[in-house]
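In the two assemblies presented below, chain A is common to both, partnered first by chain B and then by chain C.
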Partner chain A sequence: MERTKGYPAALDKKLQDTRLYLEDSNPEFTKSVKAISRTNAHMCYQCGTCTGSCPSAPRSTYRIRKFMRRAVLGLENETLIDPDLWLCTTCYSCSDRCPRDIIPTDVIMAMRNLAFKRDIVPVNFLKTVTAIYASGHGVPNNDVNRAAREKIGLSRDPPTTHTYAEYMPGIRKILDHYKLKANADRIIKEREG
Partner chain B sequence: MSESGAKHKFAFYLGCIAPNRYPGVESASIKAMKKLGVELVPLKGASCCPAPGAFGSIDLNVFYAMAARNLVLAEQMKMDIALVCNGCYKSIWEVNHKLKHNKDLRDNVNEVLKEVDMEYKGTINVYHTAELLYNDKFIGVDKVRDSVTNPLTGARIAVHYGCHLVKPHKDREFEKEVMLNTEHPTWMEELVAALGATPVEYRNKMQCCGAGGGVRGYDIVHALDITNEKLINLQEEKVDALTDICPFCQLQFDRGQIEIQEKFGVSYNLPVLHFAELLGLAQGMSPQDLGLDLHGISCESFLQKVL
Partner chain C sequence: MAEKKKTTTKKTETKKPITKKAAPVKQEIKKQAPAAKPAAKPVATGSTTQQKPRVGVFICHCGTNIAGSMDIPTVEAYAKTIPGVAFVDNYQYMCSTPGQGKIEKAIAEHKLTGIVVAACSPRLHEPTFRTATKEGGLNPFRFEMANIREQNSWVHMHDQEGATDKAKDAIRIAVAKAALLLDLFPKKVPVEKAAMVVGAGVAGMQAALDLSAAGIKTYLIEADTSIGGRMSQLDKTFPTLDCSQCILTPKMVDVGREPLIELYTYSEVHEVEGYIGNFDVTIRKKARGVLTPTEATARGLIGGGCNGCGDCDAVCPVIKPNAFEMGMKPRKAIYINHPQVVPLIYTIDFDSCVKCGLCVTACGPEKLAIDLESKDEFIKVKVGTAILATGYELFPIEKKEEWGYKRFENVITGLEFERLICASGPTGGHLVRPSDGQTPKKVAFVLCAGSRDNTGNGKPYCSRFCCMYSLKHAHQIIEKIPGCTPYLFYMDIRSFGKAYEEFYYRIQDEGAKFIRGRVANIIEDPKTKSLHVMTDDTLLDRPVDMEVDMVVLASAVQPSDDTNRTRRLFGVSCSSDGWLLEAHPKLNPCGTTTAGVFLAGVCQGPKDIPDTVASAEGAASAASIPIHKGEVELEPYFASCIDEKCAGCGMCVNLCPYSALALVEKDGRTVMEVTEAKCKGCGTCGGFCPGGAIWMNHFTTPQIVAQIDAFLLGGEQ
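Showing the complex of A and B:
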């Protein structure tokens, strides 16, 4: 059976007691997380309901409670370089059960936004961007599906950007406004050559 | 009443996976909803919602702007949106909701949309077709039951609700209060029963399919391990099929079973059908009309029970 990324080899190290030093803390990080997530991450009292509700927790070292603590303590670096940041499926179970009415999932999303600003992002996320830049669809049509659509009485391409390509320049303009395509291309090239 | 005789008209937002991987969901939705007095009009030029996992993680500002563009297309048609995917619901419904209630976000989005001669005004609402089917203001369970010509009698069907239609419930606004129960909802089971099938409960029903948040692309084995846990729980109840209301969840359960077979060496052969496909069958559409042969896992065992 295949193992999930890097586990459990890295487990011991991750679960060791760690010391925190003032210079590890950036209060601006706490503020940025709050501003982007629009939820009161600093209200977390570490009950762990979030981790207990998390489908990713039982099969990895991802602990959303730990990320909530890092948000409060402003532990920017260790948050943004932790590969577990990308194991949240965004199911929002933690958010439905949080007794402090925080939305921890949105805290994770805010942290990912901040990671991206440092070019920290898994390549598959960027490939969705380049797919949409090319065709408007993250999962584009293909010939097998075109034939199947025709067979069941639908147009070969759906009445989206696939049929109406004249809408593509507008979409590209929006993505270019945020330089998203240029950044995606650059990062993909750096990683994959 | 509109010219076509339909009581309600919606701009039909397709998303990506339904039209481009499970086109039966698109055609069944249009035909089945028409029989129920709801006309779904193509939303021309719509794009990806955009994918909430990928875009939301990279830059929420782009996520808002791209979703707003799709919303503006429907505003220009002066029509509310109906859609068939929980992921799309997260992008389209939630961004609509956020932009309506937050002037700062709306202003930011409109600054960008100005470059493409668009303006988000906040004049329409967004609905999932499952919600339209359940809510008597639009259709309701009784009318769904009355539309059935080929009851799915004898089939044991479990429901996968998925996440983003109902969660986070504190941000959602449904007219039917019952839809806000995200610990143990049963409204989809009512719809399954309306088709003549037997709804089946199973352990940890509300668990995620595992695919969301970009995890399917980032760590496929991790995502499949979550899916596998659900499949184990479903197998214990000996269900004939799993129904979903999200093509992305459907992809994860359907194509995912093939990947689970390859990576974990376990096979379940559990047919996975979007509720629109089930509804189409129950209203007399053929498996060929629904393109069920495109499914990764054969629906044959289930079809033999109900046809």
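Showing the complex of A and C:
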């Protein structure tokens, strides 16, 4: 028994029915993605230009083309639970070149929005929210940066909330309005205890 | 009783007037004194002095196309209440034989004076129902169509009540007009026994050969200095791989020899006037600087003229890129495209000639072929019909910056590949890298380069022959360069033609590699000038970075440069992508909406050579029909002048876009006169005339006013 540990489970997984069933498709998902992204998310013809342009694809399992396919077919669940959804760098290279004039980057953004509604979001993204709430920056300035800035003749802090802290209440008001901070705190707590 | 009545009406209404008209019309054209009967009638206009109208209304279901979106019984019941309506019926398919039979029968039985069919569009079935009206014994122009399909049931599919109401309106309006329709008689005009073909690629050549074989004098106009078009630039042709020049040259020679073909190269259409049967075309023969033997003889230089010896070419000091060789070979200011040109006559490119006169000396006193002062000539010809065959050019693929054309030396287009692989091309048929002259070992082919592209920077359509020629290119390098592998980057291989899929099989079997992914971008190695092709192998689901020696872009195609100007001269429309618009994409692909003008080859949309030749033969056949018939009928929609009302101000004369109007003296007064054959019935003059003196046949003021009243007053007069 000990010696076969893991094998039956692995075999079971291999033998799972992986076929696509009509029930897997939710046409409403295609519609929401289209509405939120404001691009023709249903028009992808799977040419591969996006993945071929993507800096993330060569070094990860992230395939923008696969997400486009899921958008077309309305495969809501497998889209939203796929951790790859969070590997887009939002460089917009794919959007520059898509021959169907779709903006795949915005499709990813729309999918992330829908995932967030189900509390699916990686903790590091949530920590970015916390950082913005605290400093107005997703990546706050640090001493290494300050030194570098000084070296090339810039002020130690940029002319942002780092210099004008009086704008912070406004930023917090916006984040609070959308309950972003509260939700981030709640989810981080649930995940990390 | 009814039967008897029917035959008599037929005689008086249709046969008699037409035979009566047919003869005098021809004389009338010569006399330039048209507008006889139809104009005489309407003088007593306004209130119709006709017999009391008895209109028959026929409502078509069009299967469920119409009946599925509206309540036909309600519409029918309503139609019966419209004043002037004597009979109403409905049927599943009015255009069918039984449907048409209903019209014919009802005309006799109910003594109808006008017919309304509520169905599809006049574009589709007006001719059908006019014929039925005529068969029933009425003048065919006593028919009016109410469109309740395209403009109603199809757009209001989900609004049954609204569609029903709209159909009632449409029928009421049509009845108002039908009650006032008058008998009209189409005019017949003779057709000039000559045709014109514009563009002498394989399409234009084939069309001209067919027309001349049918005994028709044909003017073939080619913008370039020689004929053959793109096909003469190709090395081999898919799927049979015969040598393009070998199959094209005999045709080119035939075109040059055929006495019925009058060939104008280095020429363009300058001006077109007239209409089917009688197009007056002005040809601009561009200053060529070199005389043909015929032209030399005409100038009294017997035995002179260019014999193609090329002595001038040898001495000319000006060097320019040869466009035929895609700029990859030099030519002189005095040049021919390639050694097999038809006609074999040199041409001086006056934009680059420095007029040094060296060629004149070299040409010598016997031939005296060169005239450095030659000027454009304008030649007027008359033709009955015309075919446009202006072909295509490549989309400027450098606009898709990600593939680096014109930035990276070893990225070339399919047409450049044809010249490089061709034995008569700039490298004698050796495919080499432009950067270093080395023979490539790995060649990437980028399919759909700029085609199937909706970004606005590219073409939304499939260019239709690039899949196949890329397969051909793959074969050519496997055959010519041992050890060289072609990689075809594709989205779909569209090998739809006869023996095309088999060709795809053969090329894969020969060793070509197919990677299903559209190329995202190409990066050049600055040192080796090799190229990294980046894409996604969509079947493996893996990003690809493939280093190759050379890249061939299967660039999209677009209508040739001068197509737009030329088509405007002939009144032909184009679709939003610039390809010339056929009369009907399925049922009339060679015709246009301008009577007497036809389309052949790629100017109508991308086609390979088999389809191009088939379309050219179709166009030639269609263009020869009016010529063989000898005369054509013109729709009698022309304007007529009501002399009593005309003040002779002449303001309409300049407004007419077809120059159909003139002022003449009649009974001591100056009045306007219409040349009916020129008038297209556009209505510009009729709408303008301040005195209301212009009567637009079939769209008369009383008819239009009645229609507006019927709509606005909801039937109350």
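To be clear about the criterion, the second predicted complex is superposed on the first by the 150 of 193 C-alpha atoms of A that agree within 3 Å, B and C clash if a C-alpha of one lies under 4 Å from a C-alpha of the other, contacts with A are read in each partner's own complex, and residues count from 1 in each chain.
We take it that a contact is a pair of C-beta atoms (placed from the backbone, for glycine too) under 8 Å apart; a residue touches a chain by one contact, two chains touch by 3 or more.
Predicted model only: the values in this text are computed from it and were never measured.
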{"item": "Partner chain(s) touched by A:Q46 [first = chain B, second = chain C, both, neither]", "value": "second"}
{"item": "Touching partner for A:P122 - first (chain B), second (chain C), both, neither", "value": "first"}
{"item": "Dominant contact partner of chain A by residue count, chain C or chain B", "value": "B"}
{"item": "Contacts of A:R65 with chain B and chain C, given as first, second, both or neither", "value": "second"}
{"item": "Contacts of A:D101 with chain B and chain C, given as first, second, both or neither", "value": "both"}
{"item": "Residues of chain A at both interfaces, chain B in one complex, chain C in the other", "value": "101"}
{"item": "Chain B residues within the chain A interface of the complex", "value": "14, 16-17, 19-21, 23-24, 26-27, 42-48, 50-62, 65-66, 69, 112-113, 115-116, 118, 163-164, 167-171, 182-183, 206-208, 210-215, 217-219, 221-223, 225-226, 229, 263-265, 288-291, 293-294"}
{"item": "Of all residues in chain A, those that touch chain B in their complex", "value": "1-5, 36, 55-56, 59-60, 86-93, 95-96, 101, 103, 105, 109-110, 112-113, 116, 121-122, 124-129, 132, 136-142, 144-145, 148-149, 151-154, 158-164, 166-167, 170-171, 173-175, 177-178, 180"}
{"item": "Chain C contact footprint on chain A (complex, rising order)", "value": "45-54, 57-58, 63, 65-66, 97-101"}
{"item": "Chain C residues touching chain A - in the complex, by the definition given at the top", "value": "402, 448, 452-456, 458, 491, 516-521, 534-538, 541, 543-545"}
